[in-house]
């Protein structure tokens, strides 16, 4: 596509800044630290043994997944009701949903591994689990809507509406699943229920994991959002060249 | 923008289909009551020009107003007065002509008298009115679609190849209908390959070349 | 000017009447989609191959068949708009999109009700379930309210698919997760109506409340959202 070469080239623009590089290093060190804490420094749980170590990743992934969708919902609302209809909010919403879907996938995988060891089965129709799976599918749908094509503003409007509808959908899904399971609850299902008695270091590791993953989320969204911005800029920048090409048809 | 006697005013209008600029800084002013013929090669941007005036495609850059309404901010207001007949007729094939007209009558609030009058004007007689659209000829469908434009009291008519697929008498009828509409105060913009025929009809000719507009003179 | 004064409700009425008249005339639903739903019911019986099980899961099967059929009905309702590009004609005319949405939803809900009547009768015959008068009252209420939910979500996401030409395949991905609460609530309530799995009539009515909330929420949300999702 030689017409892109006419541009001041967004392709050469790095997505990192000094600040984001700093954040990246902090995240990396945090992840190393978390690994050490989770695998070596903390003790086994009395009941669950080493299985409990999954918790240091599982809980943070779940947290980040839900956080991501809250960010998507809020930025979608800010796009819809902002006077400017700023595409920046739209791109943050999209970036956050993408990262959220990845973390939700990881959350489901780590959750079912833990379930396999603890419950003896990969899947339980537990309300939290079921809602999480629905959230995953709903946001896969949201990403498909973002991909429908059309102008940037059209993409932004459509996906913001779908994200806001999802905010209505998810509590209803959760509520109906809770109601459904409460009728069919067999006592054995949730025993043991995953609660652990945590000592100080375990609790610290868990909270530390949440903090590290939150920073990782911020770092990923920051970069992804800039990539989306550059992709939009290429579309827009290509416009000048495309207009010129179109005018040349006349001659 | 746009004074009262202008039906269409475009200033450096850019319309994108995907990332392709179908209209590349097109500028055009059409006065009310004119019959304008748009010619141009396939892919030059004729259809997009009409769809822009109908508010069907968003303006990426530049300015566009129709009947004094800014398309960027008052699209719905403008559309209430704009009628477009594209390659498709926009009819419901399982319904009769009469039922199609009645549907539009209900949507825009036209009386059954208005519906009957417009059907009469388009030569849709009793038997034809009760024929399902699926069983009509191309010309009869076209006339039904034009009757809907009349029911909608459109004051800007946008027509994309209205003569396509019609026989000689069907074409003559279309011409008469367009002349009549213009003399009743409507503005008519026709995109057509058939310069001979449409040229005789038009009060002004423009050509779309590479997404921009070139004046070809009045007649 | 006159056109703007036409109320959303009369647009909705015109659209709904027109849609139902087309279905009445073309018989596509009755001749093609309804037999499909019937075959699905028979296939369920083949797959589950045990009278005891069939009777117990009959409520779920009825509603699954309704949901699968709803995908086809929704696609059909937008196919009649795009056959001769009437959707563009409606857009050009600047017709109230809330009116279009409500009209489409009403027509869909009526068609779904027809399907539910037939499917419930089929389940009485094929799956040997029992229906008391009290159960029938509950079932009708459930069907009407569930239809509000399915029809509004169907009109909304079907409209999005139709506006983004060639992406109608998106409909199941968007619609099915969204109407999952309807499936859960309607199935539980129907269990009560049929009196299977030891469910009593009284246990069914709370689910009706959930269906009502769902319908109201998305009826309202859809009315606001439809215009944005379908315009270019």
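Letters A, B and C name the chains as they come in the text, with residue numbers starting at 1 for each one.
FYI, a contact is a pair of C-beta atoms (placed from the backbone, for glycine too) under 8 Å apart; a residue touches a chain by one contact, two chains touch by 3 or more.
Everything numeric here is computed off the predicted structure, so don't read it as measured data.
J.: Please classify the inter-chain touch graph. Allowed labels: line, ring, star, complete, other.
T.: Chain contacts: complete, every pair touches.
J.: If you average the C-alpha positions per chain, which one ends up nearest the average over all of them?
T.: C
J.: Quick one: which chain's Cα centre is the longest way from chain A's?
T.: When every chain centre is compared against chain A, the largest gap points to B.
J.: Could you grab the centroid distance between chain B and chain C? Build each centroid from C-alpha atoms only and quote it in angstrom.
T.: 37
J.: How big is the gap, in whole Å, between where the Cα atoms of chain A centre and where those of chain C centre?
T.: Whole-Å distance between the two chain centres: 32.
J.: Using mean C-alpha positions as chain centres, tell me how far chain A is from chain B in Å, no decimals.
T.: Taking the mean C-alpha position of each chain, the two centres sit 47 Å apart.
J.: Which residues of chain A are in contact with two or more other chains?
T.: Expected reply: 149, 154.
J.: Can you tell me which residues of chain B touch two or more of the remaining chains?
T.: Residues 58.
J.: Could you check chain C for residues that touch two or more other chains and list them?
T.: 232
J.: Using the touch definition up top, name the residues of chain C that touch chain B in the complex.
T.: Spelled out, the residues of chain C in touch with chain B are 1-6, 10-11, 13-15, 17-18, 21-22, 25-26, 80, 83-86, 88-95, 232.
J.: Chain A touches which residues of chain C in the complex?
T.: 156, 160, 164, 167, 170, 173-174, 177-178, 180-181, 184-185, 188, 206-207, 210, 213-214, 217-218, 221, 225, 228-229, 232
J.: Write out the stretch or stretches of chain B touching chain A in their complex.
T.: 14, 16, 18-21, 24-25, 44, 58, 60, 209-212, 214
J.: Going by the contact rule at the top, pick out the chain A residues touching chain B in the complex.
T.: Contacts found on chain A: 149, 151, 153-154, 235, 238-239, 242-243, 246-250.
J.: Which positions of chain B touch chain C when the two form their complex?
T.: The contact residues of chain B facing chain C are 54-58, 75-84, 86-95, 99, 103-104, 106-109, 132-133, 148, 152-153.
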